[in-house]
Each structure stands twice: as C-alpha cells, then as structure tokens.
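Two complexes follow with subunit A in common, the first pairing it with subunit B and the second with subunit C.
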Partner chain A sequence: MLEARLAQASVLKRTLDAIKDLVSDANLDCDDNGLKLQSMDQAHVALVALALRSNAFEPYRCDRNINLGMSLGSLSKIIKCAGNDDVVTLKAEDNKDKIHIMLEAPNNDRLSEYSLKLMDIDAEHYGIPETEYDATVRMSSVEFQRICRDLLVLSESMTIETTKEGVRFSADGDIGAGSVTLKQGGSVDAENKETATQVELNEPVTLTFSLKYLANFTKATPLSDVVYLSMSSDQPLLVEYRIEDIGYIRYYLAPKIGDAN
Partner chain B sequence: MGVQGLTKLIGDHAPGAIREHEMKDYFGRKVAVDASMCLYQFLIAVRSEGQNLTNEDGETTSHLMGFFYRTLRMMDNGIKPIYVFDGKPPQMKSGELAKRGARRAAAEVSLKEAQEAGEQENIDKYTRRLVRVTKEHNTEVQQLLTLMGIPFVVAPAEAEAQCAALAAAGKVYGAASEDMDTLTFGTPTLLRHMTYSENRKKPINEVSYEQVLEGLEMTKETFVDLCILLGCDYCESIRGIGPHRALALLREHQSIENILASLDPDKFTVPEDWPYAEARRLFLHPDVADPATFDFEWKKPDEEGLVQFMVNEKGFSEKRIRDGIAKLNKISTTATQGRLDGFFTAAKRPAAAAGANAKKRAAPASGAKSAPATKKRAGGSGGRPRR
Partner chain C sequence: MPSWPIGKDVPYSALCEVFDEVSETRSRLLILKYMTRFFVDIIRHNPQELVYAVYLSLNRLGPEYEGKELGLGESILLKAIAQSTGREVKMLKADLQRLGDLGEVAVLSRGKQRTMFKPKPLTLRHVFKTLSELASITGSSSQAKKVDKINSLLVGCTDNQAKYLIRSCAGKLRIGLAEQTILPSLAQAFTIAEQKNNKLPSEEKLVRHIEIVKQVFSELPNYDRLIEAMLTHGVANLAEHCELTPGIPLKPMLAHPTKSLTEVLDRFENMMFTCEYKYDGERAQIHRTPAGQSFVYSRNSENLSQKYPDILSRIASFSAKDADGNPKAKSFVLDCEAVAWDRQAGKILPFQVLSTRKRKNTTDEEIAVQVCVFAFDLLYLNGEALTRKTLRERRALLYEHFEAQDGRFAFAVHSEGSNVNDIQEFLDASIVDACEGLMVKTLDRDASYEPSRRSRNWLKVKKDYLSGVGDSLDLVVIGGYIGKGKRTGWYGGYLLACYDEESEAYQAICKVGTGFSEENLKLFSETLQSHIISGPRSYYEWTDHPLVRPDVWFEPKLVFEIKAADLSLSPVHKAAYGHIDSEKGISLRFPRFLRLRDDKAPEQATNATQVADLFRAQNRHGDDKDKD
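Entry: the complex of A and B
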C-alpha cells in the first residue's frame, strides 16, 4: 500500500514533463525511502533516474515495496489537470491494477479523483557504477538550455570541453560552426550569484554528445536554477538537476565516438 | 537450409527469446552478415519482370545492386557490417547438396513444361528455383566490398558457423542470417531479416540463444541434438519424430544416444549408419577461423574504383553510384552515437518489488496462453495492460 501526499502539484507536473518524452512507459519503484524511477530510452542511448524522497511528502506511507508500471504520458496528462498549488495524493493498494490520484484545490472546495491503469513493464534495471568524475561543471540551467537550443541550429552534436579556465560548448555542422565559452566564476545573471559557473577539474575532458538528447534533458530546467554536468573521458555524461529538498533527476548520456571504428 | 520447424518451436516454448526491432535500433553495432545467403537472396529477389538485372552484355548484376544498396542502408543506420562468405562445404553436407541437385533437376523439367505451356507465373517460379550462385558472383561481390571499404571474411567452411564464432568471441554484436543453423552453431544473438528490402517493412527478429536454451530447458549439447532430430543439413532425421516428439524425448532422455536406446525399433526406423554423432561434432566444433586473428576496418570507399567497376563495367547509373559513395563518405566522417549498454550493466530489479510483481504476472499468464507466440516489442513500449 502506497500513500503519498505532495503539497505542490507543480513539482510533479514539471518532473513528468522532464522525463515523459524520453521514456514513454516506466516502473515507479516505491519503498520506505520514497519514489524512484529508472529507465533507458528506447535506443539505449540515455538513461533517466528520478528520485523523490519520502520526506518530500506529507504524509508518506509505503508498507511494502511495490513497483507501479505506467504510461508516463498518461500520468502527466492527469497531473496536468491539477492547479499549480493543488495538493496531489497518489494512492496504490498492493496487487491492484490501478493507481489513484487525488487533486485538492488549496481552499479545499474542489476535489478531483482520477485513476490510472497500471501495466506490466519488463524493463531491465541497471546498476550505475559510482564514478569519480574528471570534471564537473555547475552552471545556470537556463543558460545550459539556451546553449543547447542555439547550437542545435548548427549541428546534431555538441562538443563540451572543460579546462581550468572554464567550459566551452561547440558545434560544427553543414552550414557552419559555433561555440559558446563560459568563464570560471562568471555569472550570466548578475543578480543571482548562485548560478555562477564553476568548474571542478581533475583533468581536462572533451566529449561529444547528441544535441537532440541534451535538448530533451533541458526540459527539466524549471525544476532547478542550476545544472551539474559531470564528465570523464569515454564515459557517459551525467546531467543532474537537484530538486530542492525533494530529490533529483539524473540523465546519463552515452558519448558519440569520434573514430569511425 | 536451416533447421526445420525450429522457429515455431522457439515461438511456442521460449516466446521471450524472439524480439522485434527496427534497423535503427542497431546503430553502433557491428554485425557479421552471412554473405553467401545474401548473395542467393539477392539473385532470387532482385528482379525486374521476372528477370535478373543485367548490364548491356547480359551479365547478371542483381547481386551487386543488392549488396551495394543493402550495405548502404545498414551503414546509414549506423550498423557496421562484416560479410562472411562460405568456404568449402563440409563432407557431411554432400547428401544435402545432392538432394538440392535433384530438386534443381526437377525444377528444370518443370520449367520446360511451363515454358511450353506458356504459364508465366510458373516460369518465374521455376527460374527462381534454378538460381545458382557462381564463383564469379562471389568474386564480383568481394571486389565491390573491397572498393566500398567494407571488411569481409572467407570462412574455411560454413559461413553461418564463422558468423556464430565471431559473435561468440564478442567481435560482433550478432550474426545476421536467415538460417536457423546459425543458432545451432551457438551465436549468442541471431538477427533475421537484416538484409531484407526496406519496402517489405519487416522488422528485424532478434533471437537470443541464452533465452532459447532457457525456454527449451536445454543445454548447448541437447539443443544441438534437438536440431539434428528436427532435420539439419548434415544428416537425415528419424521418420515419425516431429518437433514436439523430439522436444519431449530429449527432455526425457537428454541425448540422442539415450533416445536410441529406448526407442521402439518397430515403430521408428532409424536411418542406417546414422551419422548423428558426426553432425553433432560439426555443430559443436565447426571448422572456423580463429576470431581473434581478425581485426576489422571500415575504410573510405574508393570512389573512382567504384565508378569504374559499377558504372563502366556493370552499367549502373553514375549518378546513383556517386550519390551512394557520397553517403558512405559522410557516414565515415560523422561520429557514431555510443550506447549506454556498454557502461551500465543490467541488474535484477529490487528484490522485494520483483517478488510482488512476479505474483501479479502469474495471473494474466493463463490468459496469454492462447497466443503463446506473441512477440514482445523490445524497449520501453513493452508494456501490456494488466487485466
């Protein structure tokens, strides 16, 4: 039996918006610690891992571990029916084929109830090795979104190059080439020092990634002001959005391999 | 030509072993393609008005057309093919080859009859049966592949066996062949319909060896015995033992020896001097070149060489060939997307959760039984509604 009450429907709305285009169906794994979701996209190029901790919910109750397979698109459609300040409650009983969703308006005078059919999804669960990354960039999520959008005009791939001085994003395509360099410590938004670019570096790293996927990841931008990009040579990129006091969305993306062989 | 009835048996007993994929799902994969089978396929299928394509001198060019465009299509989807050609057929196959010779002779007679009667449909049918792959076809295709910069291997014996060995050694992701033999030779992954024409819109069937064995509850050795009983290229099978009986007998007795010992000789006639042990040896230890000795390289195509060969000698349209080469060149310079599978390993789902789910899954299974051969679509969309 799962019962989870979330004070702000907007968080769930944004979270689903951030992942539903990457994975259409997935299992929501529920246990004592909270809700978790992990799934690769159809092509096995990217993996999304979502965690919403139990203390984000009030109350949170999960007596037995259950996993709820569902269409994220459908869930998103239902949650979209909620106002941003509505209270959402997710309820699922053990061994039932439905999840119940209740939406309460803040002044308590409107209560909507939905249910969503569950599915059996046999997707594999992946072990993600704990990695010490060679480079981690912490930067404004809005700026990252903009860079991805701008460079997508030129090419399907973007190269990310980290050095002590900062981070450089570049794309080279049929019509031309372009690049954006962000300096260490610089802030795009002068009023918000929080989003200043920071590069933590053990070793300089240069990797190339599919912009289509990166642009897809930036759908999580409304969830957090900053984004963390972690890279090591020849390893998947980790793009992390931390949802304050609640959990995180982590995207992993396999690099493009330059050498044809 | 493969193992009779094996696909159906797998569909019935190990439905999870066959999954459907689209070609684009295989980007970044290296694949060993059974070239001898393709060659045959193209000579039969690539036709216009029932006739093979030819150049001005009347030389057949169907196979070149097939190899050029299908290779291009695979490369375009990010797949890196390695073609494997047949070497000398093993001695054991002589019986099968003689049979094929007889069938060819029969087809020749039928063709004559059809021609006399003027039945176009039958003429087409029997001409297709008379297709023969010659040495020239082989060398021409190899020349084409060299010019295109695509690696190929000539196997010491059977191409399927070599493909399987390459896949088992991890040199390639899987073996692409229509021939179910390839599975008997132990390829971890068999890809069927990889070289089909795009127009046929057939998904690629990926067969997992491990899941086949699991579903049939067999070891590698019993599986080979099963294929022999079903009927393979190397020896006869026992009359009266069909797929279901073969499976039941092997599950009970584990090997052909034990089955023979308990079989009622009045009911079933075992072929005299039945060389099943030799056939088994061929499947388990086929004559293949050591996969470790190969280092495959996909080179840039030789543009002028290709134009000379395909356009000047074989009469293909220069524009089309140059367009194809341009495509090949573009592919070789763009970076290929990597896959996450190599970095993250599949683990079991959280234990407690899996337990709860297994219970739930058990219930709808009875309903699903009516369609046991239903293939699962791979990937994220593998969801079935719960009851």
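Entry: the complex of A and C
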C-alpha cells in the first residue's frame, strides 16, 4: 500500500507537464525510497527518468514495492484540478486497479477526491549506464529554453559544442544559420549569480541533437533555475533538472549522426 | 547456409537484404536466382515461416481474393515516421518533395537519429503479424492506433528496413518483384531443397516443376494451401493434393481481341469452334461448396457477395433436379456474365444500368437493378475439376446439370456456324439482342479452360472493333489540365498512362479531352481532388514537354476505358518504349473516353506489352490491306 502526501501540488503539476508529452503511459515505481519513473519515448530516441524521493512527502508510506501503470496525460488532467498550494495525497492499495488522488485546499474547507484507473504497461526496464561525462555545462534553465526556441526557427537540429571558454549552440538550416555562445562564468541574469554558466571539461565535445526533443525537455524549466547538460562523444546527452533537494528529472537524448543538420 | 543463425526465426533484415539485391537489377533471371536462394534457406531451416516470406515479398497479407490489404495513405505514414524519428511532418514533406519516395524519407530520418538502445531485431513473423493486425484496425481512433502499430515496427528498423516497411504499408514495394517471379522461385526452391544429394536438379526437372506449380496456382490461388502442400507432399505430386476448390476463386480465362471475322477464320482454320454471345455485363464466377456455401467473385477475384445478394440467394436453385427432386449439381464453379435485366420487358439492359448498382450492403428487397446470370462455362462439378476437359464436354455437363430460369439464370446463346456469312448473321443478331459482340472459342482441340491466361483459343469480336483499334484500352489517369471556357472549374483534359508490369511504372500514353459528359467531368474533378499530389511520382515515366506537362498530378486511382482511331509511335509519350522502338513510345490518335472502369485497379490497366501488341496487330493488318 502506498500513501504519499505532498504539501504543494504545484511540484507535481510541473513535473507532469514536463514529461507527459514525451511519454504518454508509464509505470510509477514506488518503494520506500520514493517514487520513480523511467520510460523511453515512442521513437526510443529519448529516455526520461524521474525521481521524487520520500523526503518530498510528509508522510510517505510504502510497505511493499508497487508499480502503478497509468496514463500520464490523465493523471496530469486530474492534478490540474488542484490549486497551486493544495495538498495532494496519492493512495494506492496493493493489487487494486485504481489510484486515489485527494486534493485539499490549504484552509481545509475544500476536499476533492479522484480516482484514476491503472493499466498494465509492459515496459522493459533499461539500465542507464553511469558514465563519467567529458563535459558538463551548468547554466540558466531559462536561457537554455530561450536558445532552443530561437534556434528551432532555423533548423530541426542543434549542435552543442563545449570548450574551455564556454559553450556554443548552433543551428544551420535552409533559411540561414545562427548560433549563441555563452562564456564560462558569464551570467545572463546579473541579479542571480546562481545561474552563471559553468563548464567542467575533461575533453572538448561537439554533438548534434534534435531540437524538437530539446525544446520538449525545456518544459521542465519551471522546476529549476539551472539545468545541467552532460555530454561525452558519441553518447546520449543528459539534460538534468534538479527539483530542490527532493528529486530530479533526467532526460537522455541520443545524438544525431551524419551531416550536422 | 542462411544469413541468420540456425534455430532462430528469420529476421526481417534477411528479406530486406534480398529486396536490396532484387532492386538493383532488372534481370528476371537474377531476381529469380536471388528469390530462389532465399526460399531454399527458409525451406531448409524455417519452413513454417516460408508463407510470411512469400506474402511479404508479394506485399500481401493473405490470398488476393480475401481482399485484405494495406495501402495506407501518405498523411498517416508521414505521421508515423514523424513520431518514430522525432521529426516534424513539415520537414518530412520537404524531404519527400526531394526524394519522391516515403520509404527513402523514412530511412533518411531514421538513419540520422540514433536511438537510446539498440532495438530488438524484427522477425519476418512479427512484421507479417503486425501488418495483418494493422490492416484489420477499424472504428474509432483507428488512425491513432494504426500510427502506433507502424511506429512499433519502425522503431525496430535498422539500415534499409524502414524503406521496405513503409512501402509495404503504402501497398507497393516497387522493386520490380512480380508475382510471375515468385511462383517459379518457389517451385525451384522446393525442387532444390528436396534433392537428396547435394547435386542441383536438372534444368528439365526445374522447368517441369515450375509448370506444375504455375498450373496448380492458377486453379488454386492460395499460397497458404500451396506451400503447405509442397512442404508435406513435394512439388512433383502437387497437383494431386491441390486442386480447384469451390470457394476459392480462380483467375478467369480471358479472350484475345480481333478486328475482323476473317482474322477469326484464319485463326481457327480446320478446327471446330463455337460462337457465343458476348454479354455486356460483369464477369461473375459463381461458387457453390459441398457444404452449401455460395460465393460470387469478380474477374479480379474480388468477393462480390455484398453487391449481388440476389444472385447469392438464388445460386442453390440453379441446379437441375434429378428424378427424386434432389439437385444434380451439389458443388460447382460456374463462369458467367451478370447482366442488367428488365423484368417487365424481359430484355437485357445496357452495362451503364448495371454500373448504377450499389457496390456494398445492398439488401435483397431494395435492389433497383435486377440481374440475369448468363452461364457460359462450368469449371467444377460435384467434386471434380473440369478445367482439363474440352469445352464441348464442359458445355454438355453444364446443360445436363443446370436449368435456365426465366430472367434469372440462362445459358449463353451460342451457334456453331462455320462460314463467314453465318458468323456475320450471328454477330448482327447479338447486337440486336443488346450484346457487345461474339466470343469465339475452340470446341475440341486446345479447348481446355486456361485460368488466368489471355488465350488465343478464345477470341472476342466486338461490334465496334470492326473499325479502328480493335479493343479499347483501360488507362490510368495521372495528370489533369485545368479546364477553360465551358469546362472552367473542372479539368478539361487528362493525361493517361498504361501500366508497365516489368518496372511497376506508369507510362504516359496520351491526353484525352473528348467523350466526357458534363456529369463525368464534374464527378472526376471532385473525385480526383483528394488524389492530387505535388509532383509526378518517381514511377511515372513521361517527357517534360509543353504539350504533355499537366497542370496537376494525381495519384494512380481512376481507370478510364479509352477508344482510339489508331496507335502511333511518339517521341513524347513513353508507353511501351523499348518494345517497338528503343527511343520512341506509343501514343493514341484521336482518343475518346468511353467509360469509367471502377472495377479495375490501376495495376490492372492495359499494360505496356498489350499496347505493343495492339500496335503490332494494327500494322500487320495494314500490311495485309496493301497486298490486296
């Protein structure tokens, strides 16, 4: 049996918004460490890994590991019914075909109860190898979102190039070409030094990715001020948004090959 | 040795590799060799999967007469490719413009984008089963479900596989692999696999076995049954285990067109022959199984039971009764023509009336157009195939076991006169009786029923043959010209093409702008609206000449029956080029639209070989005249 009470519905709302377009149905794996979800998109080009640790919830109770298969779109629709400050409680009994969702207004005078039908999802579990990345960029998530949006006008692919000096995003398409370079240590937002661009580099890396996917990943922007981009030659890109100290969304994206655009 | 590990299912990649080889050559012999080698490997190591390999090679999901096919549209395939490669439909369309083939677009899109993990290889079995499921999806949100299914396959594709997969979904492989090659390959493969020692079978044995398989298949066009029988009984004994079966349509025997009665007499000199009325209706093959089931099939082996429920309900009563009142014909296959019939006047109505009948879901009560069935041949009777008997014998059995019913079931009128005057009189009589002309057939010698063959033992003489080009041509509409003046708002003319089976291409043959009624023009303009494509398909063969270039291109969809004054060599049209002249194609002079052939698929249009034959026949005729 699972019971997980989350003080702020907005976290769950944003989390679901960030993954539901990439993965329509998935298993939510619950154990005493918290909630986890891992799934590939339909094209097997990207993989999403989500974790919400038990400390995100108060209280959190999970006696036995359970997998809850569900439509993320449907769950998102229900969670959207909550106000941002509502308290959300997820409840699922062992071997039942439903998950219960309770939404309580902060002043305790409104209680809504929903249930969502579960489904059997036959998903293979893929082990993501823990790799040492050659380059990791830490930067403003808003800036990353903007770059993806701007370059999507030009092309369906974007090349990310990391050097000691910084990181360069470029796109080359039929109507023209464009690039954005962020310097090491520079900050887009002078007020907020937290989001300054940092490049940790063992070796320079240049890889090309589908912008459609990258733009899709930036739906997680509201969850975190900073985003981490980790790359190694010929390996999938890792785009990570850390959700305070309670969890993360990690997107993995296979690179494009052949001509850059 | 097969290219896949022994003991494992045949991978889809093995088939695609053979497709690659096949598409790189135009040599029939090489294609035959490649297919044979592939089939031998399967027969030896994975016999149960042979049927999937055959159907995927033919791009079918089952016997043709079951009519289960894919033929998915461009938009749904684009959607699937977009989803399974993470690209935008807009970008895919741009690539499609450039490459002209969705299969190539799929390969390109997949090739550029890696996946997170190496996909599990697709197997023949899995691909075939999934495509079958795909074809049976109907009802609500079927579009989305289909896209999902295609996706699940596309994700597993590597290298060139996406190309063939997408083409299979679209309904055409376009690698020059024809059914005429599959059958001999199968026959050869079984013969080779059956050899006890490692020696290759003799050429003579191969040829003999190919003939056996072709013959059996023409009577029983069902690969499941054929392969099953070959696996258990071998090729040599195939005919004993596989024969004409009521319920399974065979390809009908077809007649050769002729242009004069003298031509007929020349052909059948010193032979006994018979003339039959050629009724102007729809070919109908009527089956009754021993279990009492009835079927009506078209000339393309299409099940017409929904179109002719009235015929279906009557079939049991066609048989004559014996002394005890039991039907003499318990199971049978009849070759007939279904003709529109005026019950009040007791007369045949023109074909145009028949074509107004609804094609589907007619119920017995609401039928406006009545039909009478005119039987002219009997192919199977009470457990025995009659195809190898002579027409005289078959006809005797037909008359003995069946009974005409007024306005419902009749025998084709025939006459055995053998001089020109008799035949001319009979031809005139046929016209008076609202028929198209005559069928002239051998009675005793060379008089077996030859399924699927356009035989010279059957000749057709149409009233309108006797001048101009003998037969009309059935041509595919591939382009349109914007109408002017009275035809503003419609297409004023069309670019037509014949079908070249060798290259699976449509070859432009002529423009047509006469013979259309206003209703025709309106109807065709509307119908074609949804088949407009942005440019010519890569498999359209045409010359970009101001006189030819159409304003709009269409998908191959409509088939027009066209009559012309004669055929001529043309520097701009591509029909049958290479057959007569290495450079020039053939065109039609003064083409005129006769009617829409909605019973024919574009691939069943007049083919390049037939066009070349018509051209030769015309010129031979001209030479004769010169001699007189």
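By our rule, the second predicted complex is superposed on the first by the 258 of 261 C-alpha atoms of A that agree within 3 Å, B and C clash if a C-alpha of one lies under 4 Å from a C-alpha of the other, contacts with A are read in each partner's own complex, and residues count from 1 in each chain.
Simple rule for what comes next: a residue touches a chain if its C-beta (ideal position, glycine included) is under 8 Å from a C-beta of that chain, and two chains touch if they have at least 3 such contacts.
Not measured: the values here are computed from a predicted model.
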Subunit A as common anchor, with subunit B and subunit C clashing or fitting: clash
Partner chain(s) touched by A:Y252 [first = subunit B, second = subunit C, both, neither]: both
Partner chain in contact with A:S210 - subunit B first, subunit C second, else both or neither: both
Which of subunit B and subunit C A:M1 touches, first, second, both or neither: neither
Touched partner set for A:M102, first subunit B, second subunit C, both or neither: neither
Touching partner for A:M119 - first (subunit B), second (subunit C), both, neither: first
When both partners are placed on the shared chain, which of subunit B and subunit C touches more of subunit A: B
First (subunit B), second (subunit C), both or neither touched by A:L201: neither
Subunit B clash site on subunit C (candidates 242-250, 386-394, 404-412 or 494-502): 494-502
Footprint overlap on subunit A, comparing subunit B with subunit C: 40-47, 126, 210, 236, 252, 254-258
In the complex with subunit A, residue positions of subunit B that touch it: 24-25, 27-28, 80, 296-298, 331-333, 335-350, 352-353, 356-357, 359-361, 364, 376, 379-387
Of subunit C, residues touching subunit A in the complex: 83-88, 91, 94, 111-117, 119, 148, 151, 155
Contacting residues of subunit A [partner subunit B, same complex]: 23-27, 29, 31, 39-47, 64-67, 69, 71, 94-95, 97, 117-129, 157, 208, 210, 235-236, 252-258, 260-261
Of subunit A, residues touching subunit C in the complex: 40-47, 126, 156, 174, 210, 212-213, 236, 252, 254-259
